[in-house]
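Each of the next two complexes has chain A plus one other chain: chain B in the first, chain C in the second.
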Partner chain A sequence: MTVRGLRPLTLLTVLLLAVGYGLAFFWAPLDADQGFRQKIFYLHVPLGIVALIGFVVGGYHGLRHLRGGKPGSDLRSYVAIHMAQIFAVAVLITGAIWGRTAWGKWWSWDEPFLVSFLIVFLLYCCYQPLRLSIDDPRRQARAASVFAVVAGAFVPINFAVVRMANQYLHPRTLTNSTDGSMPGSVAITFLVCLVAIAVLYATLVRYELLSKSTTFRLRALERQAGGDDLIPRRSAVPQA
Partner chain B sequence: MSGLRTVWTVLRKDLLLERRSFELLPAMALLALGTMIVLRFALDQDAVVGDLAAGALLVPLLFAALLGVSRLFAGEERDGGIEQFLLSPAPPGALLGAKVVGLALVLLALEVVLVPAFALLLFGEPLFPVLREVLLVLFLLDLTLATIGGLVAGMAIGARSRELIVPILVVPLAIPALIAAQAALAPVLEPGAEALAWRWPGVLAIYAVVLALVGSVVGEYLVED
Partner chain C sequence: MSLVSSVSNAVIAQTMVPEDSGGPYVAAAYVVFLVLIAVYVAIMAQRLGKISRQAAELEARLGAANASTGAGAVQGGSVTGAAAPPAQGDDRQKVGS
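And now, the complex of A and B:
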């Protein structure tokens, strides 16, 4: 992993975020029911979609690690899941804010997306404790990869079951017009924001991969120099 | 040694050990009964029906299953059985398969105690007219919990704090199955029971099959050096 390519990617991320949220605030129309507070939709939903894709990507890299045995795949799986966890926290916070402004309460059990997300988040909260509880790095990587694959398969099933079990008491913002589709300007703005958040995720993943691989190289140099870092520390981070 | 033969051999060994020691099943049954008693006072009702009845049946089952999962590889880890198994020509995934089948059998055996206890202690209506539907849903739930339990116990092999890791992994993975079982049982356990909505047993079966397929792909990697 090198710095090459990160600078243009970072600039592209900033540009897309500026365009996406510029469109959201200055071009997309105000929602007839919810007014300005509906703008959080352009942040909350893309964050949720990208976080879920990040979890599934973590499962994909986990499967590659199991099949190929390369430590790099385990590291990619770890970073994909770690970043998706951070996005998931943002989803829960923005969802709670939206719920408070729209329905007057911070949490609603009738909102299947939030409930599903909470369950998925609860499951992925166990990822680091699982890694940390296994000392042997090879065994830790294998167990974590199996977790990533199982949890990746769990995500769509969980969403389907929670959605089936709900009564849809609240109107869906994605279907706020009479024919069930978004107005053109809203749809375009939403897609730009979705792409911007996806690129933000990819950029942050690359930054974390770079940071981790730099740390590994630094530790290797310290060991070569006979420093006091000879004993590997207990860590949930893959030891490449 | 073929996979199925290995599964049968390990399963027979585990069942024989359980028959001789007879420690896991009584412990699970006692925990389930204790949970039912707690629920009676927590809900402050002498008899429950509908949603509450479904919950009062499923929560003790979940707790008992957690106990079973945390003990799944205990014997092998204590006696170095996993290393000895790996020295044999048996396929590694067969050990996990045997554990899943064994846990499913233990959970099914638990229903022999759990269902009559539920009918006597908590359920406010006669259970016999809806017994077939209840047993079908519990059978599918047991299979799903056993598959989840096998995978989680496999992940926790060699973990220092297995007793902490196992429950926090099992519960979120079991939530969709418990939602489906609750939705299936609640109308059946209402006074003047409604017919079983087949989509919920279908959801349980699909979830169990998906987990089993994922387990068959990744399970062998859990039982390695």
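And now, the complex of A and C:
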């Protein structure tokens, strides 16, 4: 994959983001309860969903690495988790801003969704230090893959448990149609924004993979030019 | 009431919108997201450009060395002909050193 090969995906991402947030600001109705501040919903919730899916994707590639032992799967797992962490940071910041304007406080420990997301985020904060703590690239990849699989399985379980525990307390937004939960225009706008953020995630993952593969090519050339008795220093990044 | 579930109360009612609609906060949330993505893309673009340039230069040097000395001569030695140790500040180290 080259930068030129990624150009159509990049253009699609920009287009989807423009359409999605154009709909959010100029077409979707204002919320009767929250007013204009509800527009954060179109950014915060898709980011959260995509970040959690990114963690699961990291686990899937980790599992593929454990089954097949291919270094490429470990790299994909690393990049998927790395990108999901960046999205998770954005989720926490936008969520805090939304909380401040809607509730008057930056954080609420009474909200299970918030706390469970923070737990998932903190769990994945251990991923890079884990990688960095192991010298041998093969052992590092294996341990990181085990972590990615276990933590990746924890994400949907954690989400489902919190949802089930609160089903009588919190009305569902997307699944409950009996109480007229989400008007059609809001739902359509939300789905477009969700797709846009998911494509943004995929694009950034592709660019990161391209960057890593170019780095590996450079190292191979350096080995060819300077002898093959050089080994890379300890790094959290998977080795080719 | 959770933030997301409050959307369930959404009604197309421009006249019922609260007075303090939190415009600066909405702007802050979107700006934070844009800045985060822009910084990340800028760092990645700079890194990718630098690495691509270095790889292209090295490839050209290897190609020139192969052409002048034969394909096998470069193997195991540096482009300049000697097996030079890594320069200071290089992010690699010798095996066993």
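Quick note on the criterion: the second predicted complex is superposed on the first by the 211 of 240 C-alpha atoms of A that agree within 3 Å, B and C clash if a C-alpha of one lies under 4 Å from a C-alpha of the other, contacts with A are read in each partner's own complex, and residues count from 1 in each chain.
Everything that follows uses one rule, which is that a residue touches a chain if its C-beta (ideal position, glycine included) is under 8 Å from a C-beta of that chain, and two chains touch if they have at least 3 such contacts.
Please read all numbers here as calculations on a predicted model, not as lab measurements.
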* Asked: Does the chain A-based superposition show chain B and chain C clashing or fitting?
  -> fit
* So, does A:Q34 touch the first partner chain B, the second partner chain C, both, or neither? -> second
* Is it chain B or chain C that touches the larger share of residues in chain A? -> C
* **First (chain B), second (chain C), both or neither touched by A:F154** => first
* Which holds for A:C126: it touches chain B only (first), chain C only (second), both, or neither? -> first
* Structure fact -> Three-chain overlay: angle at chain A's Cα centre between chain B and chain C, nearest 10 degrees, stands at 120
* **Per-pair minimum CA distance [chain C against chain B, superposed on A] in Å** => 19
* Structure fact -> The chain C residues in contact with chain A across the complex are 1-14, 16-18, 20-23, 25-26, 28-30, 32-33, 36-37, 40-41, 44, 47-48, 51-52, 54-55, 58-59, 61-62, 74-79, 83-84, 86, 91-95
* Asked: Which of the residues in chain B end up touching chain A in this complex?
  -> 151, 154-162, 164-165, 168-169, 171-173, 175-176, 179-180, 183, 199, 203, 206-207, 210-211, 214-215, 217-219, 221-222, 224
* Asked: In the complex of these two chains, what residues of chain A are touching chain B?
  -> 63, 66, 119-120, 122-123, 125-126, 129-130, 133-136, 139, 142-143, 145-147, 149-151, 153-154, 157-158, 160-162, 164-165
* chain C partner contacts - residues on chain A that touch it in the complex -> 3, 21, 29-41, 43-45, 47, 86, 89-90, 93-95, 97-103, 111, 113, 170-173, 176, 179-183, 185-186, 200, 204, 207-208, 210-211, 214-215, 217-218, 221-222, 224-233
